[in-house]
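Chain naming follows the written order as A, B, C and D, and within any one chain the residues start at number 1.
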Amino acid sequence: MTQPKILSLNALSKRFGSVVANDSVSLELHRGEVLALLGENGAGKTTLMNMLFGHYMPDGGSIDVAAPSGDMQPLPLGHPQAALSAGIGMVHQHFTLAENLSALDNITLGSEPLFSLRRDRAGARAKVQGIMTRTGLTAPLDTPVGKLSVGERQRVEILKALYRDARILVLDEPTAVLTPQEADTLFENIGAMTRDGLSVIFISHKLREVLAFSHRIAVLRHGVKVGEIATSDADQRVIARMMVGEDTPTPTRAAMKPGAPVLALSGLGLRSHAARDSLTDVNLTVHAHEILGIAGVSGNGQSALAAVISGLRRPDSGSIQVDGVEILNPDPKVMIKAGVGRIPEDRHHDGIVGAMSVAENMIIERLDDPLVQTNGLLNRHAIAANAKTLSQSYDVRGPGPDAPARLLSGGNIQKLILARVFEQNARLILANQPIRGLDMGAAAEVSRRLLEARAAGAGVLLISEDLDEILGLADRIMVIHDGQLTEISSRNREDIGLKMAGEHT
Amino acid sequence: MDILQILLSESFWAASLRIATPLIFGVLGALLCEKSGVLNLGIEGIFAAGAMCGWMAVWLGAGLWGGVLVAALAGAFFGLIHGILTVPLGLSQHVSGLGVTLFATSLSYFTYRTALPTVTSPPRIEPFRALDIPILSDIPFLGPVVFQQTAMTMLALAMVLLVWYVLNRTALGVALQAVGDNPDSVDAQGLSVYGLRIGAVMAGSALMALGGAFLTMSAFDAFFFGMVNGRGWICIALVIFASWRPGKALLGALLFGAFDALQVRLQTEVGAMVPGQVFLMAPYVLSIIALVLAARRAEYPRALLTPWFKGQR
Amino acid sequence: MRIEPRNAPSRLMTLGVPVLSAVIALALAAIPLALAGADITVAYGEMVKGVFGSMFAFSEMLTRATPLMFTGLAAALAFRAKLWNIGAEGQLYLGAMAAVAIGAGAVDIPGIFLIPLIIILGAAAGAAGMAVPALLKTRFGADEVVTTLLLNFIILIFVQMMLEGALKDPMGLGWPQSAPILDQGMLPQLMPRMRMHSGLILALVLAGVAQFMLARSVWGFRLRAVGENAAAARHAGIGVNRSLFGVAILSGGLAGLAGVSEVAGLKGYLTADLSPGFGYTGIVVAMLAGLSPVGVVISALFIASVFVGADSMSRAMGVSSYLADLVVAMSLLCVLVGGFVARYRITRSKPAARAA
Amino acid sequence: GTVKVAAIYTLPVEQQWISRIHLALNAAKDRGEIDYVFSENVANTDYERVMREYAEQGVQLVVGEVFGLERAARKVAADYPETGFLMGSSFGPVAPNFSVFDNWIHEPSYLSGMVAGASTESNVIGMVGGYAIPEVNRLMNAFMEGARATNPEVKFLVNFIDSWYDPPKAKESAFAMMDAGADIMFAERFGVADAAVERGVKAVGNVIDTSADYPNTILTSALWHMEPTIDRAIAAVAGGTFEAADYGQYSFMGYGGGSLVVDESLVSAEVLAEVEKTEESIMEGMFRVNVNDDRPVSDK
């Protein structure tokens, strides 16, 4: 690399309790370079970047950044303010936007002196507009961010960093919520900026983007940097092996003849003040022995659809039939009774009561069961025994059935929920993002269970933003966009991508 | 005097503004705290502390504006306690608030009694007097209602403007609104969540204390135990009614003041027919009704009541 | 510096820290004492004597703790479900009002019927008082902190109205007070010449029952689930609003019992100054107890001891009696911080020496 | 030697009513007759405990007010027959050691009413009270009767603020009455006379003399003096003769427990003469002021 060095991370380490998130990780970045940071979920990518940006205080190691003069200077650790003034900008994995403020306010937040009675709004606006025309990243500046679409918010996040004159831009999974086309545009814009001297570190799980847009790839595994490779020397297989350490078998999906419908939605409508929470005239049928995949960019009505099928929200119009029986007053209890097993999208928020024990979380959906209670009193022995069996057969590992469920790792929480759902022999399984955030082993386990349920005669409704997951598991695919569902027969990524973006071609 | 006549009279509206003044301070204070994400139930005690400290400072010879300053500092002190307990330590805002109320009240009472052990009639100070601003107070209606009040009422009105201006027109205000909506947003931009929140709670508490100081330095000229008499709690309700907007906060406080002013006027009129308590109860009942009506539309600061810890997710 | 939750706070921590914080709070009380010019060591001696110095002192502490147990339980149960009932003070008065309405001669039946009747009606009145804000919350989304707080004022004024109206004692020489509860309607005393009454027993039994139900019953399970994570509870088919409403009724009922216990156990009739803020102190009691019902008993005893001890000491030392409230407030704040220390630890991460 | 006296008040000593007792006891203390300790702002719930604590400490005379706990207080007294109790109470004394008193200053109140009635020009008098308790009602009613005696035309505006301590509120209440035409204010609460000063109208004091604080404002005040009561009780304790008795009468004008002060610069000579005449008849027992404990209401 002929370009000068602009950043070096020196042996950064970080522990969270017993978890070693980063173990002496070193990285270098050069001017105008795009470095992709890869690794499985939980490998420590975000943690590393958070240390760079000053959100986390490293347990060990140091960071040097090139001053405008070109000399490398140590960066004070643990101060986002210091990182910002050193020219480091970060777009976080989760939006860090104040929804009650306009995009312009979000962008200028923190860049002006706090204790001044005046703000130079016009100047700020002109500067942002300049950046927008230069980079092609546009967003409405005066609308409250809460009213913006996810793509617009993502652009506001990037504008925030550029507004601060970032010379080093960190993007943590910037395309997770974008359609493939939007993602491509974004990277083209970024490419243009790197030619002006911007350096970029981006984190992504999408190998396609990584191969197409980065110059160099660094891979983390279990908090350790396991390799670095020039993108020109890499291909999908090489990277996957670096990330996982070995080749993992993908579960195979045997062909199967669909049976009777287990879930039929017809003419389903749901109004909501937020467009991304509405559904319009949704029709779908899931049969026994069938996995129906719902693909789509997040925020297009997936949560609303899941909420209706879980019984959390009542549709404004249309009908729901489970196993041929019309559900008149849907609520979670009714849906459970009707044979719907639900794997919620946000397992920490909706899946478990973190403060209650693993054993209690395993029976939380069946409190009326005589096995669980007699005369309103809990059968503690039966509950404990149940927890023991389920933990064994679903391989739920952790501090034990009496420990609070929040102490389980993400993968084990998911296994707990699977155990709960599958033990009830559900007719329909609603799996909303069941694999997100899981490592390859746990993900394979979930996939296996879903296929097993399908084989046993259940229908599965799989909602996912990950096309590979859908392509790997689903028998049929529908795309959700703007609260509307369309069936799609092609299994071509390009076609599905276009539908996800709402193109009616 | 019939109701219409009352409602048209200058003295009625002047009284409404006078009664509203401590509430204006209090609502603005509560609003600042809550905008940043912290509920401050210490308000009732902070009122008492402001009333005692402001008065005591004047009595000891600090001068009226010195008293105002001392009251504000006392409020900020209790705000600091609440801020530390609820912001970096993330303790229950309800309990910390009630604890601060108990602490501020008992500390003020204890101090007052220890300093003045044997009084029978409370000592008096020379309080703020009603102003007579040359041209303004001659404006018909508006003059007597607004411009012949005491300097503290003027200060309260100025504070409405100031708080509005700061919240909506300065970088600090934008940051405050952001930290009450999503602390990560300010953290990611290099601002201190703790600093902003503690600062807001301290500033808000200082305003609350001015509400108390108004009672002993403007509405009256002496300190009495128990004289805050629930005024702080009312502010907590008014903030929701005001949807966390300074302008509506002023409106809410004025409405409450007007109702109270009407109440004392009507009570003498029909007191024989209706138990007096009905009138006393009415402002509270109306507050609840207003709350129920406003609750649906209320745009709570999204991060209200939620602690945020640095470096934790 | 970082704040990290402790994974499993040790037993020593959970028990030792509150005790230590209480000790620190008492030590801090030396400051106002010294400022008031009192001899510190003598003062602490007086404080202990004020609670443990005689059977009478001890029984007085128990008497003061009794209503706090009820209001503490009321707050603890509601808070467990994250229902912020700040209205125990008002509900207490509703309970007391119901008790005198029925017990002061409205019916003249033997005590074995009258006492349960008074208890049930008092609890029901308190429950009704909490049902209103619960309804406003579940139906209209009106914040219960504010509604319960405001209702306290409304109820208190209503009590005054009733004491000058329907409930006024015709023999009371015009004082705004109710007629006394019939003798057979009074809760039995526990010891001769002591004010301690069987309301204490009732409170202890209820605390035990609540503890058991919370841990062992489906009802308690639901309540805990709703309180810890309402979204997950709802997702799992638990009726969140129903649970909230149920616990609201219970919480109001318990607060109502505090009022019953004060009128039917102690004073005999109702005045508008029946409670010196028992409802608010109950919140403090509940939080100190970590919302555990049995813990409520202990922390009620603690608060009552601090108050009675400090109150009695202030008299013995000739310092202002506002000292008692001050000591209680400082204890609360210290124990709050102590609870934090028990649950979290503050780590100091030392950045490695920077490469030159 | 000195008598050990303890007082227990349910409100702070600034409260007018309580301040009179406190004053009398402090005077006795300054004369060296007693050792005086007190507890203020004692909740009714705690009152009994405090009584017992003082009794246990060997206090010889306990002074206080038991309007909220008449029965319980008598029980305590029975348990400590060696201790003398002199309590403000609506009920009677109980042998051997429970004596009662009350602020029976309806007589000077009546007289102050006469002054007010004769002095009002608008014929509207405003009255702001704390709570409508017999203590207060009695004085207000006597005042109203006195005013009507000199001015049958007079109308009253009555308001209770339901608080002992909210001077700002009392002040607002007074302003409202002045807006409605009152030109004399009966100042039962702190704050009322302040409002009168601000508007330049006159006020009538009650229980305490505040004329020095409000120059040119207080027409007249009905004062309560606890000294006759307290001094008698102390003497009885010191002499070992304390027994259950109703000390109420020592608040009457005849014993110097009640008195009227008039600001002679503000009141005409004829009115003064008439008031003095009535005062004399009261002293001679020729005129009895009615005792009426009902809640006073506004004239319509």
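Structure notes:
In this text, a contact is a pair of C-beta atoms (placed from the backbone, for glycine too) under 8 Å apart; a residue touches a chain by one contact, two chains touch by 3 or more.
Keep in mind the model is a prediction, meaning the values are calculated, not measured.
Chain pair with the highest count of contacting C-beta pairs: B-C.
Averaging Cα coordinates per chain places chain A and chain B 44 Å apart. Put simply, the C-alpha centre of chain C and that of chain D have 36 angstrom between them. Mean C-alpha positions place chain A and chain D at a centre distance of 75 Å.
Multi-chain contact residues of chain D, defined as those touching 2 or more other chains: 41, 132, 162. Looking at chain C, residues 2, 4, 157, 160, 164, 322 sit in touch with two or more other chains. Each of the following residues of chain A touches two or more other chains: 57. Across the whole structure, chains are in contact as follows: A-B, A-C, B-C, B-D, C-D.
Within the complex, the chain B residues that touch chain D are 1, 9, 11-12, 15, 18-19, 22, 113, 118-122, 124, 130, 215, 219-222, 224-227, 229, 260-261, 264-265, 267-269, 271-272, 276-277, 280. Contacts from chain C toward chain D in the complex involve residues 54, 56, 60, 63-64, 157, 160, 164, 172-177, 180, 193, 195, 262, 266-268, 271, 273-276, 308, 311-312, 314-316, 318, 321-322. Remark: chain C residues 2, 4, 7, 216-219, 221-222, 224-225, 228-229, 231-239, 349, 351-352, 354-355 touch chain A in the complex. By the touch criterion stated above, chain B contacts chain C in their complex at residues 39, 41, 81, 85, 88-92, 94-96, 98-100, 102-103, 105-107, 109-110, 113-114, 117, 230, 233, 236-237, 240, 275, 277-278, 280-281, 284-285, 287-288, 291-292, 295-296, 309-312.
Residues of chain A that touch chain C in their complex: 10-11, 17, 57-62, 64, 74, 77-78, 310-312, 331-333, 335-336, 342, 344, 349-356, 360, 364-365, 367, 372-373, 376-378, 380, 407.
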